[in-house]
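Heads up: the structure comes next, in structure tokens.
The chains carry the letters A, B, C and D, assigned in the order they are written, with residues numbered from 1 in each.
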């Protein structure tokens, strides 16, 4: 059901709060306009298990915190033409990065030992191992477009995506701001 | 030159060394610009600058406490904590650096668990590093209790500290 | 300051100022905006943030417009691709030096650093953040000092010294480990010199100093208060 | 004027007992035992005591044993010179009987031992103006200084010359600031002289010699402090200042001690104080001790420090020449600059400008250190080539290693490669090559030194010494250091290299003072001449010199 006339757009969510995805949905009826020009081929709104090949635009929300995040970021980069860091977590590490002055050890201890009322233990399996530092996406893979904001407004996301699917350089500088 | 705004005040304790500090301040006319000179005097006499000393100097010279603290922490020569009985300064200037000062620091860390800025748990020895002592012709150089030693090697550095 | 007139050109426009007046001041009188951070009208200029650097024809050196007096016949450029790139780098250095997390900051949406990043078109940083361990001092009964957000502009230090006359604040240490400090390094609440006047809080450009009880994005400054400081500073 | 007109204070000096040291000329032979920091660290004070005992025991009544300042060849200390016989004894230890025997024999007129100084290229290439008396006079005895013509220039200036004439002479000499920037000294003096101030002016001697690898000023202050004081007093007379400060690093306690003693002695001789050399000229000198902040070598930071404040620089203009200490006109020169002045006044500016190259006149003192055989203190005419300094005077590289670079100018200087060895040493050539004269530290590096690591070393230095006032220097030095750290660990990328250059360029243009503006210079000069070493670290994860511990990694 691939439509060659439409751009293949994906979204992915690393270490973030999903707020950027919420803001994406805040475009409301403009989602329909977007749907005319783009096909969402992967993301939490789409039932696809494997990140597909030949994606035109991928919006990445969230910072790279764990080995799983890093694996995803590399896969996405390899299969995407234009990679967009969406929101402050992806762009600066933002709130997830607040653990960086302390490192993952003390953070895990605080969460799983000090504050636990039952069965205090740091999980070792089932959840991905944390990286020593939380870093923005471009610390690991090249990023083409940066859209800061916490979250970026629906207007900004819409204009950026439309610019990209229509082959224009998105106007972000001087418009978007951190926070 | 600015004039003095403060005058003699009661020292923090009856330790006789405060009299020497007072003499120094008087000689400098209790002028605020004598601050660094007075801090030098206090450190020479007491070994370091504690809160009592800083407060006394602040009041005596009429310099705001935060300014005294700002000055005392700006200059690396001033110590706000007591130092070990003995000090060893490893020069890490250019000539000493390329001639192996790093290996001296590594050796001291390895053997004594002592890092630059640290003091041994028994309070016997403090290790400091200096940015060039001007003893470049004898690099790498260290200073043990004021005595300069040149061409020190990881093999000889411990012997220089042994007799302390 | 004498009132001799100096005529000069800023960004191609003929403008006039008084002898001794700074390039920055003349530019602003003529609605030519030059970014600043450490500068605040009414406090002594220090030229430390380097955001207001401008090009002056005839010299290869950039000059800080806040501390450089206008001269007759001067030709000043306040905007160029080089200046923009440098100013972005300065903002980037500040953002990566401490832990600036705009989204959870009391000053979100009221922050001069955040606004500088936007207006200079900074969308991301190439430099790795330093992530220092920085403390929050909430010992004062009315105010909070958050070192995570401090840019060491020194506006609070100067307001406290030059306007209030208390000199509660100074800078301790040096280099990137320098920190704002009260008295002999005591918690703010234990300062014996602080008059709790709040001027430092009002002049802080970021979320480093704020009134207690403010939550994210609530640290709006009472800007009408600042012209009052100016009047005092020039008195 | 003739010297007889200036003898009033001098004759008093001659009346002072000089026992047991015979003044130069009266002794048949003298043994000059070096008591500068280098030799002292090898117990040359004991050598002095032992030798004096031996001379007394040998009954050599007409032999003087004296304590002198730096003899230059610090690498071979402790040093003893017998100038009358042109001999230098190296590695003389108090308990070395053979060395003592050879010394006593030489002093007694027997078979001369030691090295023949006239045949040593280390000495024969040198021209001494600043160091003229270093190693000849006892630094703690003003009598020695006076006996070698000291203070004649000052006496001559205050008694027979107008301040304008003094400035003209200094300007004619072509002397330029020896602290690094090379600003014409005469011009600076004229500016301060012209500045008016009802509250007085100041002279400040910058002895905050902080460049790692530089010990010229230290040696001069330890070896002949009077010469610096005389230069300062002449400057004070020329610019109309009556008060002066010498700002010395706390790391130089011996220099501080000798300087303080020199001031007291000069005051006692009536050569400093309220009536200099019996005239109405008043000149008071005080010593201020630094406290461990490299940035205080920057003149506005130095002034702040003298005023008892944090040593943070302020933007210039206004320059100290118009607004300096406490807002008053202030002349700031460094130790070596002042030490040149007495000779210029006495022998004339034309004489001085006959030494040196076209635009850089006179001599320059260098502290030669690092991987050369003859480390030590040298003074050479401007315009000598690096090759002459490193290979003739310095005796080439130690241990038969190959030359890689020579670093000049300290943390804001640069590393010069083998291809530039025939470059003449003067302000312009060095600046063109991406380094600068600096205060005179010269560190020779051999093949075992990694140039990226050297750049990192200097950036680490600047990072720790940045005062923190301006953003480009405070945070820029940290970020550049991190990038260099990444590269020397073999984790750097081509993008990091580009970022490094970009950031360094920003710091150079945007920093407030010379520390931040100059901090990128070691990076730029090593990138310019040793780029292949950077690329080896980045592309191949290899340190060609084998100095860096590469831990690779996939980032």
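Note that a contact is a pair of C-beta atoms (placed from the backbone, for glycine too) under 8 Å apart; a residue touches a chain by one contact, two chains touch by 3 or more.
All figures in this text were calculated on a predicted structure; none of them were measured in a lab.
> Can you pull out the chain pair that has more C-beta pairs in contact than any other?
So the pair of chains linked by the most contacts is B-D.
> Averaging only over C-alpha atoms, locate the centres of subunit B and subunit D and give their separation in whole Å.
24
> Just curious, how far off is subunit D from subunit A if you go by their C-alpha centres, in Å?
58
> Taking each chain's centre as the mean of its CA atoms, how far is subunit A from subunit B in angstrom?
Spacing between the chain centres: roughly 52 Å.
> Could you give the separation in Å between the centres of subunit A and subunit C, each centre being the mean of its C-alpha atoms?
Those two chain centres are 33 Å apart.
> Quick one: which residues in subunit D touch 2 or more of the other chains?
293, 310, 464-465, 467 - these are the residues of subunit D that touch more than one other chain.
> At least two partner chains per residue is the criterion; list those residues in subunit B.
Expected reply: 67, 70, 74.
> Work through the pairs of chains, note which ones touch, and then classify the graph as line, ring, star, complete or other.
Topology of the interface graph: other, matching no listed pattern.
> Taking all chains into account, which pairs touch?
Inter-chain contacts occur between A-C, B-C, B-D, C-D.
> Show me the residue ranges of subunit B that touch subunit C in the complex, using the header's touch definition.
Contacts found on subunit B: 51, 54-55, 58, 64-70, 73-74.
> Note which residues of subunit D are touching subunit C in the complex, please.
It comes out as residues 293, 295, 310, 314-315, 463-472, 474-479, 482, 499, 502-503, 506, 509-512.
> Name, in rising order, each residue of subunit C that touches subunit B in their complex.
161, 166-174, 181-185, 192-193
> Where on subunit B does subunit D make contact in their complex?
That would be residues 1-2, 31-37, 39-40, 63, 67, 70-71, 74-78, 92-95, 97-99, 130-139, 141, 146-150 of subunit B.
> Across the complex, what residues on subunit C touch subunit A?
95, 99-105, 108-109, 111, 114-115, 117-119, 121-125, 128-129, 131-134
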